[in-house]
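Both complexes below contain subunit A, partnered by subunit B and then by subunit C.
Up next is the complex of A and B:
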């Protein structure tokens, strides 16, 4: 057999097929180990229940402050559950020493895209479960569901893009948790502020035109993080 | 060793290669050239840089100084660009324990852009002595079987250069014979570099490079 092209020079179709293979491998591994899914679901459920027990008595109110609190709590729950689960994607490759085999065989862009897709799939499940539990336990009532869903989806895409590249960086570091916190803060705070404010508007019943600027900002953030990650990932992965 | 390369032939050139961990230099100004059919054995005391040299050759570690180049079909590649030419077997290499052997090979074939049938992958597993264990999880494999699986991983894309770090570690006598057969077969396909201190493996090389003690 003639050796194939160098991994980082594969044609786009082969690159996408390789990314799909990485995604399916991670999915298969996760379905067998259930590490990340158990971690994020446990976190989502326990947060919703804890918040319900702690501040549930004001759940029936519709004042602006409570809507902001609901929105904040929702995104905090999503953020910490996501950080808890999504970082595993790369850390596990390093801990189990499979990263070397992967690095030698797969194009770096395919690895990033495959891991990103897997993290997006995890976040989609997390979004669904967290929102359901917030509706049940904290009586989250959404006045503009379509805007809410759009903001949730774009916020999650931005969150996945950010945590995926952060996970790749920290997987190579020795002080993983400390570095994750330091790197996450400046990247995630702007994203969270936009997502919380936009989501609060959607819960309150703002129109699409009122919430569109937040959606635009989240799309811009997601695109910027995606492009920057694609450019940076190879250097991070091969360092 | 500077003759014109035939198509499908490979040449590996190291020019004044150096490697270091922090301020400790483990390899200094190493130059050599290998071509298809050559088998090089690298020996030396613990910490002398045998494994480091192999990691440099497959691009897993950065050069401190010098240059490593692969030439294949008239094209030059640095180690980072040459992973399609390289098969690497090392105790540091781990495959996915939660997948079966066949799933591992299928995955690595897919990410390499190879079009292979499961029957070909099963034949490869049989070739390294894992016939009939295709559907077993790697987590259920013994250390010797995991070493055999590393060979299947390394040979999957029929590389022009095979880099073997401690090639028969954890293998039984039959496993060692399998490795000897793989190395002889690789001689017809390209280059083999072996890092070892095992007396039997030292005899496999056309050349022996002894690295300095730590």
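Up next is the complex of A and C:
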């Protein structure tokens, strides 16, 4: 680092360091209690098993609407598991009354980024486990895996960007978990529509050029939500 | 002086809307084929426009509240949201009634239906959030944040939604003379609207170069149905036979067909259908939009004033206690 660049670089650098510290703190406390991860994984596993028990190996049926049904089921499993676990990190701060200490220790942007990273990590595990279980129990066959992974990752990023600030909102309300789903669902409708249709294309074996517009929409949605959250988070956290 | 002006304006809105209702039932000519059901459009479109207006006003006042931190702004945002919710329900219900009478189904997940459904959910979520937070200051802040955050998703809903459904029942070409219809892209089995006729693509078959579509055309009001067979040349990419709609001068034509995805783009060939040709209908329509907007603004002002007074009273009670 050159001395001239220091004044400009330092705030961003310290911000990212603080965000990293918040992320590590959440990770450590999660590893101690394993509350969110258990809730999420149990949900993912039970959805996959329930679908398999109910309709059998629908992954083998590749004609007509079956592909759309597979993709919808996958996103339903991901969505509801996510809605069960993603609010955890903020709710815990309120329940254990550590929020005040955190407010003193780090700037609000750093807290938002740290929590966002934590939720992204949770979602990465969730995506991995859900897809594995769908492949085992439903025999989901993905014809274009790279497009599928790209859509899944971008969809999860958009999901995390939308729900993290909502988690901070509901942490301060009563009836927390029910309210989280109520607040999240309307805002997630566009995301779900794009993700379900794009994923269905990837399962069916569409090329990258066919699936690219879906990926673009997801990126646009994620960026809009991320910027809006970054601007609005201060008002939620400092109230 | 202001009070007198306000009461004059109130009277004016009442008389104006009364006039719109009278014109809607007595002056506007019956729309050919639709019967009296067609008249509901005079109410449906203005209420739908007010939904958009109310949601925007609510978001603007939420932003102002976060910026200036004055309770009045939050009262205005809440008043706009509450009245907007009423108008959203009105628009949804009038649309559903019209849809059932004219097309035979209440709900079709048409892009506009999807967006208004999500709007209702957002309002419900906003009110649920407000009722779940005890502390007044915090309730205001968090609901303002949610309302703004929800507003950011709206463009995605409007621009992304049209691609969720291949068919739409909302007219996608105006009935004004000289306007060009774009036609509709339908997959086999889907229904859509051309002009005022409900069309359903029953099947596509190809015989050599000639693609034949089987299209069920329903009269407005579902009084009668007919099956038409327009044809299209795959190699040259233009229509061959474009049969006439039953009892009309207009023809049904295929603009393009795709056998692989089993879908075809259908269009109406017409010199201009002209529902809004009729001056009285057009003016009643515009008067309806003006009247409902004025009604909304009046309701919005009354409600926000009421919320201000309520808050004032609460503060005084607190001071005396």
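General remarks:
Definition applied: the second predicted complex is superposed on the first by the 223 of 239 C-alpha atoms of A that agree within 3 Å, B and C clash if a C-alpha of one lies under 4 Å from a C-alpha of the other, contacts with A are read in each partner's own complex, and residues count from 1 in each chain.
As a convention for this text, a contact is a pair of C-beta atoms (placed from the backbone, for glycine too) under 8 Å apart; a residue touches a chain by one contact, two chains touch by 3 or more.
Nothing here was measured: the structure is a model prediction, and the numbers come from that model.
Residue contacts after overlaying the shared chain place A:169 against subunit C, while subunit B stays out of touching range. Shared-chain residue A:33: touches subunit B; no touch with subunit C. By the document's definition of touching, neither partner reaches A:135: not subunit B, not subunit C. Look at A:96: by the touch rule set out above, it reaches subunit B but stays clear of subunit C. Within the superposed three-chain model, A:228 lies in touch with subunit C and out of touch with subunit B [touch as defined at top]. When both complexes are overlaid on chain A, the residue A:236 reaches subunit C alone and has no touch with subunit B.
When both complexes are overlaid on chain A, the residue A:220 reaches subunit C alone and has no touch with subunit B. Common to the subunit B and subunit C contact sets on subunit A is no residue at all.
Those residues of subunit C that touch subunit A in the shared complex are 66, 114, 118, 121-122, 124-125, 128-129, 132-134, 137-138, 141-142, 144-146, 148-150, 152-153, 156-157, 160-161, 164. The residues of subunit A lying in touch with subunit B in their complex are 1-10, 14, 17-18, 20-22, 24-25, 28-29, 32-33, 96-98, 100-107, 110, 238. Looking at the complex, you find that subunit B touches subunit A at residues 8, 58-60, 72, 77, 80-86, 88, 90, 92-99, 103, 107-108, 110-114, 153, 157-160. By the touch criterion given at the top, residues 162, 165-166, 169-170, 172-175, 179, 182-183, 185-187, 189-191, 193-194, 197, 217, 220-221, 224-225, 228-229, 232, 235-236, 239 of subunit A touch subunit C in their complex.
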